[in-house]
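First chain A sits with chain B, and in the next complex the same chain sits with chain C.
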Partner chain A sequence: MLEATDITVTFGRHRVLDRAAVTVSPGEVVGLAGPSGCGKSTLARVLALLLRPSGGRVVLDGQPVHRWRHRAPRRTAVGLIFQQPRLAVDPRFTLLDVITEPLRANRRPLTRAHELAEELGLTPELHSRRPHEVSDGQLQRACVARALALEPRYLICDEMTTMLDASTQAHLVARIEAYRERTGAGVLAVSHDIELLERWSGGNVRELAPTLPIKEAAPATGERSSA
Partner chain B sequence: MAAPKTRWRARPETSGRVTGWPARRHRLALGTLAVLVAAVVLVPLFARLDQQLVDLPSSGLAPSWAHPFGTDEVGRDVLLRSIYGLRVSLLVGLTAAVAGVLIGGLVGLAAGTAGGGVDRLLMRIVDGFNALPHLLFGIFIVALFSPSAIAVIVSVAVTHWTTAARIVRSEVLSLRGRPFVDAAISGGSSRARIVRRHFLPNLAPHLLLAAVLMIPHAIWHETALSFLGLGLPAHLASLGNMINDGQRSLLAGDWWSSLFPGLLILLPTLAISALAQHLRDRSSPRHRSESAL
Partner chain C sequence: MKLRVEGLSVRFRLPGAVVHAVTDARFELREGHCLALVGESGCGKSVMAHALLGLLPANATVTGHAWLDSLDLVAAGERTLAREVRGRRIGLVPQSPAAHLTPVRTARAQLAEALRELGRPETPDELARRAGLRPGDLDRYPHQLSGGMAQRVANALALAGDPPLILADEPTTGLDRPLVEATMAELRRLCDEGRAVLLITHDLRAAEQIADDVAVMYASRIVELTEARTFFTAPRHPYAAGLLDALPTRAFTPVPGQPPELTRLPGGCAFQPRCPRATALCDEQPVLNGVACHHA
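Entry: the complex of A and B
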């Protein structure tokens, strides 16, 4: 189980998450919805052990997480697909480099990269292209392949398909579903598109409420600065 | 809340595809450098310079076909000595620039990657070095050694690594926050692996530019130190030594023995600066994406 409770994150004086909680069990799809700026991506980074929260705890398969980023030995157990594929790949890497990098870093056989590329519909002529030479959809396919390369027990899809067309969206969701069925991994699907989440998770959707700015947190003044 | 005003205006034509004079300028610079480097490499193969040779009967001759740059006060051919001098200057400039950028690059990389206390300490040291008047500090360093090329290289590198350190540190800080670094961490990459696979390749163009920009500066320092008699041994043909010698015969009206070595300092430094500017323009993202189409 990947379990986050009472997660509080502050950037400077700005509180982004206030005692947020989410739980993902193996084999299950959980939807996480919420308006833009409410901290979905931030919570995703906490769950992927990439951001140490100012408060709260994360428990990964029964073990509380104390160390984060490079120091977290079990970080590869949680895969993260980033919201913006353009920013999530090194501009100097080819698409194949993107997929093989985690395999190399963990000394795994590289043949897996070719299988994944094929599974995600990346034709061989795309393998040697760099990010600026491919479309957003093609880049996101490479990012999904990268996230699956190490067979994570939990997969977080942060607005994986927001900027993509319907058929690419359906294809990527189907790939992840196939992965989930094969490995029994837990999936956290993050989106502001409640309909998609309802369909994907079979109604298992949690809303992340926006936090009020600390000063205005008192009574109900309707104005909210997050846009 | 008012929407932020967006102003649209035509971008000046300085970046991106360059046409006209700037484009020709970098070719001219490249051509000049090619000629100078060829001279420096090839001439010594055919005409050996005896650094100690003195030929008093032919001293102070004005430029002629036999001696295109004239001869100096002890009768040495200024052209041949200038070429040997340029060779020394280019070598010293290049080595000092590479050494300076290596030191600065390592310090900047350590500061940016480690962050926290290490970063603060290293940047305090950089500030300290920058606060010293660098020509004086350079003179102090060469004074510790006997005159030699190594002393000059050490002096220039030790006084000039700070720029590269700052550039590399700020670049690493910006790289560190990028999502692709998060993705690498999430994929199990260690700190060292991220430095090797992501930081160094993305820093390389900046390091190259810093090194190229530093070469002319290093050449000026070499000549300045030699001119002051603190750089290379006085009998060695170096541009600084030659101008130093030449200023004595200047009073006798022998303008050539300092003018030509002076021009040979000016020419490569201007050419390298023009080239560095071209490199900088070319590495701007807009040009990169344009040339990628």
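Entry: the complex of A and C
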């Protein structure tokens, strides 16, 4: 179980999360909804062990997490897929490099990258392309393949399909569902799109309320803070 | 005001390849109407908007006609486009308004500049009020604006020259659902004031909210052009039906396969390799007559 309780995060004097909690069990899809700027992406980064919260606890399969980012010993147990694939890949990598990188870093067989590319519908002529030579949809397919490469026990999809058309969205969700059914991984789907979350999680949706009333005047709200 | 696009095609020359970005587009748009151009990313829909404004890079070749009343936007020179068309007869609502605004200047300074350059007598405050902003909001810098307010400032900029035609290029990218709905309501209001709106989007629900007509683009061509109500209830092109079936509120199943590369389009119907209804007939390019499909 991936369990976060009483998570508080502050940036400077700005409190973005105030005692937020969410739990994902193996094999389960949990939808996390809420308006722009309510701290969904911040909570996703805490759960992916990429951001140390100011307060609260994260427990991964029964063991409390004390170290974060590159120091987290079980970082690869949680996979994260970002909203904007262009900001999430090294522009010098080919699509195949993107998928291979986690395998190489963890000394796993690199041939797995080809299988993953095929599962995600990336045809061989796309393997040697760099990010600027492919569409957002194709790049996000590579990012999903990268997230699945180390077979994480939990997968966090942070607005994974917000920028994509309906068909690519349905395809990527179907790939993640196939992975979940095969491995029993837990999935946290973060989005402001309630209809998507209701469908994906079969109605298992939690609402993350804004910590502070979001005023129109407050700086750094809107799409920027959710990116 | 009437926009009549006739056989518009755009090609990009690359080393060793030609990108077929838009092929033989035909449609009409009148004042008070909203036409939504929908399709997957990379199908050529944004290129169409840039072609109408003459904003394509130097390696692009545009053929065909785009009549804005009696002016052909394709044949018009840069001087005409800069002095008479952009901002004055066509306003652009950009993708990502926050990135479109100059970060080091207040909203007021940017509106004032647009009004001055366009030779309009209005003040920024009056313009802001028309776009649903309070005059006090204009003293903020772009990073102090919320997503919704940045969108309204961008709308106000597009409206500065009182253009009869608005091009909205993916105006809702990255906005959450309430903001998408508010942005769409703004665009609809512009239509109801008597402007024409060309909405370019991959968000079918946003299109459903305000469009009178829908054009579906696939692999550089418009494959279906119909009334919005007909499109959302009984789409005729198999690709249009597939896109709608992919919505989470419907079947949530993707269209199988992937769109072809615009540098290597197959002969005949470009949707043929992914189409459940494909037959030998599809080796011939179908003609758009409401729908471009031999089987619809």
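To be clear about the criterion, the second predicted complex is superposed on the first by the 212 of 227 C-alpha atoms of A that agree within 3 Å, B and C clash if a C-alpha of one lies under 4 Å from a C-alpha of the other, contacts with A are read in each partner's own complex, and residues count from 1 in each chain.
FYI, contacts are C-beta pairs under 8 Å (C-beta built on N, C-alpha and C of every residue); 3 or more make two chains touch, one makes a residue touch a chain.
Quick caveat, the model's predicted, so the values are computed rather than measured.
Colleague: For A:94, is the partner it touches chain B (first), chain C (second), both, or none of the two (neither)?
Modeller: The answer is neither, since A:94 touches no partner chain.
Colleague: For A:133 in the superposed arrangement: first (chain B), second (chain C), both or neither?
Modeller: first
Colleague: Determine, under the contact definition given at the top, whether A:201 touches first (chain B), second (chain C), both, or neither.
Modeller: Touch partners of A:201: none, neither chain B nor chain C.
Colleague: More chain A residues touched by chain B or by chain C?
Modeller: C
Colleague: Between chain B and chain C, whom does A:121 touch in the aligned arrangement: first, second, both, or neither?
Modeller: Second partner only.
Colleague: Is A:173 touching anything from chain B or chain C once the two structures are fitted on A? First, second, both or neither.
Modeller: After superposing on A, A:173 lies in contact with chain C but is clear of chain B.
Colleague: Going by the contact rule at the top, pick out the chain C residues touching chain A in the complex.
Modeller: 39-42, 96, 98, 143-150, 173-179, 202, 204, 242-244, 246-249, 252-255, 257-258
Colleague: Show which residues of chain A lie in contact with chain C when the two form their complex.
Modeller: 35-37, 83, 121, 123, 135-138, 162-171, 173-174, 192-196, 198-200, 214, 216-224, 226-227
Colleague: Which stretch or stretches of chain A touch chain B in the complex?
Modeller: Touch residues, chain A against chain B: 45, 48-50, 69-70, 75-76, 78-80, 82, 84, 87-92, 101-102, 105-106, 132-133, 143, 146, 149-150.
Colleague: Which residues, counting only chain B, touch chain A once they are in their complex?
Modeller: My answer: residues 178-180, 182-191, 193, 197-198, 201-202, 289, 292.
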